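Each of the next two complexes has chain A plus one more chain, namely chain B in the first and chain C in the second.
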Partner chain A sequence: MTAVERIAADTADRPARERLTPRRILPWLLSAVIGVLCVVPFLLVIAISFGRKIEGAAWVWDFTLENYERFFVGALWPDEVTFLYLQQLGFSFWYAVVASLLAVMTALPFTLLLTGLSRRAQAAWLAFILSSLSLSEVFIVMGWDILLSNNSGLPALFKSTGLTQWLKDVGWFQTLRDWGLASPRNVKFKTSQFATILTMSYLVWPYAVILLFPALSRLDRSQSEAARTMGAGGWTVARTVILPAIRLPLFGSTLLLFVFLLGTYVAVTVFAAPAQHTTAVAIYTNIRGANLNAPFGATQAVILLISAGVCLGLGHRLNRWAEAR
Partner chain B sequence: MTKLNRRTLLKTGVAGFAASSVLGTPLIAQTRSLKIGSYGGYFEDSFKEFVYPAFTDATGIAVESVTQPNSTDWLVTMQQATAAGSVPADLSLYARDTLIKASRIGGLLKPLNLSAMPAAGNLDPYFVFESPEGALGVGAMSWFTAMVINPGEVEAPASWAEFWDSSIYEASLGLSRNYNSQFLDIVAATFFDGEATFKTDEGILALIEKAAEIKPNVALWWSAESQMEQSMKNGDVIGGQYYLDVANLMAADGFPIKPVFPKEGNPQDYGSWCLSSLSDKADEAAEFINFSSDPATQALMSRKIGTAPLLDQSKTDLTDEEFAFVSGTPSIRPAYEAYLDKETFIKESWDKMLAGA
Partner chain C sequence: MSGLVLKGISKSFGGTRAVEQVNLIFAEGQLTALLGPSGCGKTTLLRMIAGLEAPSSGALLLGARNITDLPAHRRKFGMVFQNFALFPHLSVRENVAYSLSISGVGRSEAAERANRLLDLVQLSAFGDRRIGALSGGQRQRVAIARALAQEPEVFLLDEPMSALDAKLREEMQVELRLLQQRLGITTVVVTHDQREAMTMADSIVVMSNGRVEQVGSPQDIYHRPENAFVADFIGKANFFDGVTEAGGIRIGATHLSAKPNFVNGSPVRVAIRPERACLDDDPGENRMPAKVTFVRDLGPVREYHLETALGPMVVEYALGEGGKTLVIGDQTEVRLPPEALHVFPDPQAAVAAE
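Let's look at the complex of A and B:
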């Protein structure tokens, strides 16, 4: 074919290629929908984070880095420095790390036992766990709130069984008061890090089971049986055979739950004292309420997002490094 | 402001229903009408059931009720609507700090003709907001945030200062978490010179430092009203600050809560009627504000909505019992201007104090 013929053939082809068929339109349409629903709001948040707050009024569009500066050193810098917002970010990570680890660590033995059950029992358990996902965070927090309340929950049980009195008699009650887990009258579990982390790991526990289940059910049982016949104890088998085999899903689940928990709002507002509040709560108090400082709220959101991204990136790196070894 | 939020948050369902019923109302072929905004839910429903019909009977002016989410968010809505050239309501209900914000932003409110509303003269002058352009808001109703205690656990304190006593209140109080929810005004009235202390940064820091001393006694820093309600009912806290009318309602239902007016008093906040700068219903609005300022209407709102009247009890026909349900003396007036002028400074210093950072 000569060049001229090739060009002629191309031109002949072109109208056919440009015809608008549904198959051609669909990807563009989907991209547009994703763009409008995800990318535009996202860009808006980034744009607002550079806005400027007017004292005593609302905020205006602008391009200032003041909000980012405030996040790291406070609004009164350079006269005064505060790490309040970094502390809140720290608590976001602390709660998310501990609660996701706790959830995965407790879900692991449960799921392992689950895979050993009959198919019927497995299906029943999985259906039950899946259905518990329909409970919203608000419901779960409300439930734990009642369970930990003075007149209707655990403290009431402590009091009626005489446990509170016993704690007072042996002198441990004062220690609990020092830890903030008791008032002069009775033990109290709210507000505390204990209640916050407990509720957060409860919140993601069903996810942990569902994420681990496929990997654990595919586990080759003959390997652990072989190890056992060679004289390895239960703990040694778990440590040297099972755990290495499910290292990847274990790591992946923890990372996913961690990211999920970074934005927890209701559990932290209800169960954590203001001294241990997270960035998610701070974002809300800036954007809503009488303050109406959307730019600073947006800044905190962007920084939380970047930090989460960095964590995921590091996790990925770590994973690859472990694989390569 | 929190009060307004709570009205909305708690009764969002009702608010949604109320909003839909507004849309469903057929337009009445009347020559005179007025669109009035109020906080959706219990507030708006009570207005629609008791206040607006009485007004229409008295004046022949039909009222179209408009649902406001609260003050601050509504201000943003009205700001955008004014820029677009068409507003959803003639009269809006703004808390005082939002009203001041609106007057500072400028161009949103139309000065009211006070001579057309003689009954507004009944109100304490404090409730008529004057700016250089004229009167921008006339009080509609007010509410108190009161000291509350569990009468089964403690005696009623004579002063707010007793809440700082850890031998009684260690890890036992419920206070509001927001910097502008009037706890600082309580501190100022109890230990300092009241509103004057807010004039300087040093004064504000001294207030916050004093507030920090109560931290060991606070079991709950609440952000939603329902948190405090549950904690009082559950015995998680045995005292704190809470809304006077709701506390009285809870006490009437047999829950262990008692509102107290200590010697320093309790903070009083209020909402104002404000006319949109784009409204051409100034005359109708004046008639409505005149009606709303009437002692009989003020008493009606106290009985049906639980708000405090903006005039002396003697001018109304409220009994002592009815009056004590919604009001009391003395009242602490919040330092609105300072909260706005030094918004970021107060918020960050307050948050730092709470976080111990």
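Let's look at the complex of A and C:
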């Protein structure tokens, strides 16, 4: 056999051998498994959202838009229009927006200081922050529950140290009452939007630090120094140099935390008043809780998912618009 | 204003002494180069002048005013950074107008002044460009224009040419010097490149290990180095270790005629510039046999590497200067004129004559 014939023979049977190698099969297999694991639950939820609840019983497969109709205009439509579920979605957005902004705004100066520390100190802080991520939402909320509880937490401390009386004396107690943070006798954090947002913000704060750290580490410090030599004070440097330089990671981190917080469940059930509960809580109540209305719970889940997707899409467009400017 | 004065400035980082007891006067309107190897403390000194680092001890005076504790944003000394530190989110014009914008100058006036400065650095057509669309040389000019926009009393440049290629660096050195002379602004440039310092500076401060080794004009520093470090760092030099004796210095078995200002028996280092050693037939002292070991033709100059009784030596002849044409292996004679010899105390153990 000549060299040319040998090469031709090799080339001819290569595709058959390549199809059989495990190295070629494995990526496809893994992709298929991951695809099934990720896509099938989503498809099931979407399919169930079109199902029908049988009163006094379970639900059946169907294709009805009643659940979506109920979400937007209420169960009594067309006789009566209610926006209860849209209101819950509104609370989901409100809590998630404020808590993610609060987390990023407080994590930013901390992370900026962190990047100025020695490598050793940075590693110690990051290890500590990463370890706090191992705490479950339930554990964290339990801690905050104790801290903010009326009988054993901060309100009790306020009262015993005379801070409550001082707040009354200076007239600020009435302001706290107006904000729903005090009863006639003492300050009160449960239930309140303040406690809900604070806890949600605490939940994602380590993520905010970890998301911002790489971008802030890469920040060119000589730019801030250049601004200082040109007469810029600390706030001017932050406003005109640092914030524009980290605009994209800042925006991306906030968006990511916002989407993550849309699904917060435990913090909302513990700290928010029932009238101010979110879509995530309503989904659980419908699927596993008292209502046993899986199709409507699935509908709420789909709408929450779409809302998060829309927010991400809008964020992306906003980013591109800002970049273009 | 009557120049910038540094009195006993020191700076320590933990246990490390970065700058030690520096006393300097930067004359008004002059360009001074802080020259030294990496890590000698020159950038730290510049940062202390800018207010970006606080001195551990000592005082900075601007005229009669003590500015030691004045923060950087109140000193407003224009500074050009090594990497230029331009703001990528702003256009070229906005970068130049930055100091004016934040100090409350109206938008149109700031733009007009920025345009004038861009014209000064020959970038008037680039005002609307993004920083990313500029070349290295153009970025440097923007950085210079930006630092000058606030009309600073002192202009500081931290290795401003290090990011440029060799040809552009040479051009920019001349341009920067002409610009500085035109504006008459007190300027301090940090560099590790002695050629750059010699091209631009009225005065050079040579630094090593956080200390000032010598201050003087470029000619002074080159022709009258005060110690072996300066002789070695500025330009090229041949060094030999010896001991002083009556009428000269003994290096091994060779006696060199010289006038060392040391008591007999002092260990010393002798230096001679390659262009001051002669390969000629003129009569004179300190003549010795030499063998050519290597010849290097660099265009403007030709170097002869020699093996002599003192040790290896390099002799340099400029193009058209005459002298012999030698090749590797030739035997010749080298002459070291006594007036060209610089004698320094041995860094280890010197006994200076009273």
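Structure notes:
Note that the second predicted complex is superposed on the first by the 291 of 325 C-alpha atoms of A that agree within 3 Å, B and C clash if a C-alpha of one lies under 4 Å from a C-alpha of the other, contacts with A are read in each partner's own complex, and residues count from 1 in each chain.
Throughout what follows, a residue touches a chain if its C-beta (ideal position, glycine included) is under 8 Å from a C-beta of that chain, and two chains touch if they have at least 3 such contacts.
The model shown is predicted, which means the values in this text are computed figures rather than measured ones.
Contact with chain B, but none with chain C, is seen for A:Q87 once the two complexes are overlaid on the shared chain. After overlaying the two complexes on the shared chain, residue contacts for A:P244 are found with chain C alone; chain B is out of touch.
Of the two partner chains, chain B is the only one touched by A:G74; chain C is not.
In the superposition on chain A, contact of A:S149 is made with chain B only, not with chain C. In the superposed pair of complexes, A:G56 makes contact with chain B only, with no contact to chain C.
Within the superposed three-chain model, A:K188 lies in touch with chain B and out of touch with chain C [touch as defined at top]. In the superposed three-chain model, the partner touching more residues of chain A is B, compared with the other of chain B and chain C. Of the two partner chains, neither chain B nor chain C is touched by A:T161.
Remark: chain A residues 220, 222-223, 225-233, 236, 240-241, 244-245, 247 touch chain C in the complex. Across the interface of their complex, chain A is touched by residues 50-52, 71-79, 81-83, 85-89, 98-99, 102-103, 146-147, 149-150, 156 of chain C.
Residues 53, 55-58, 74-76, 82-84, 87-88, 145-146, 149-152, 177, 180, 182-185, 188, 190-191, 269-270, 273-275, 277, 282, 285, 289-293 of chain A are the ones that touch chain B when the two sit in their complex. The touching residues of chain B, when paired with chain A in their complex, are 1, 5, 72, 75-76, 79, 97-98, 100-101, 104-105, 153, 170-172, 177-178, 180, 219-221, 223-224, 227, 230, 233-236, 339-345, 347-348, 351-352, 354-357.
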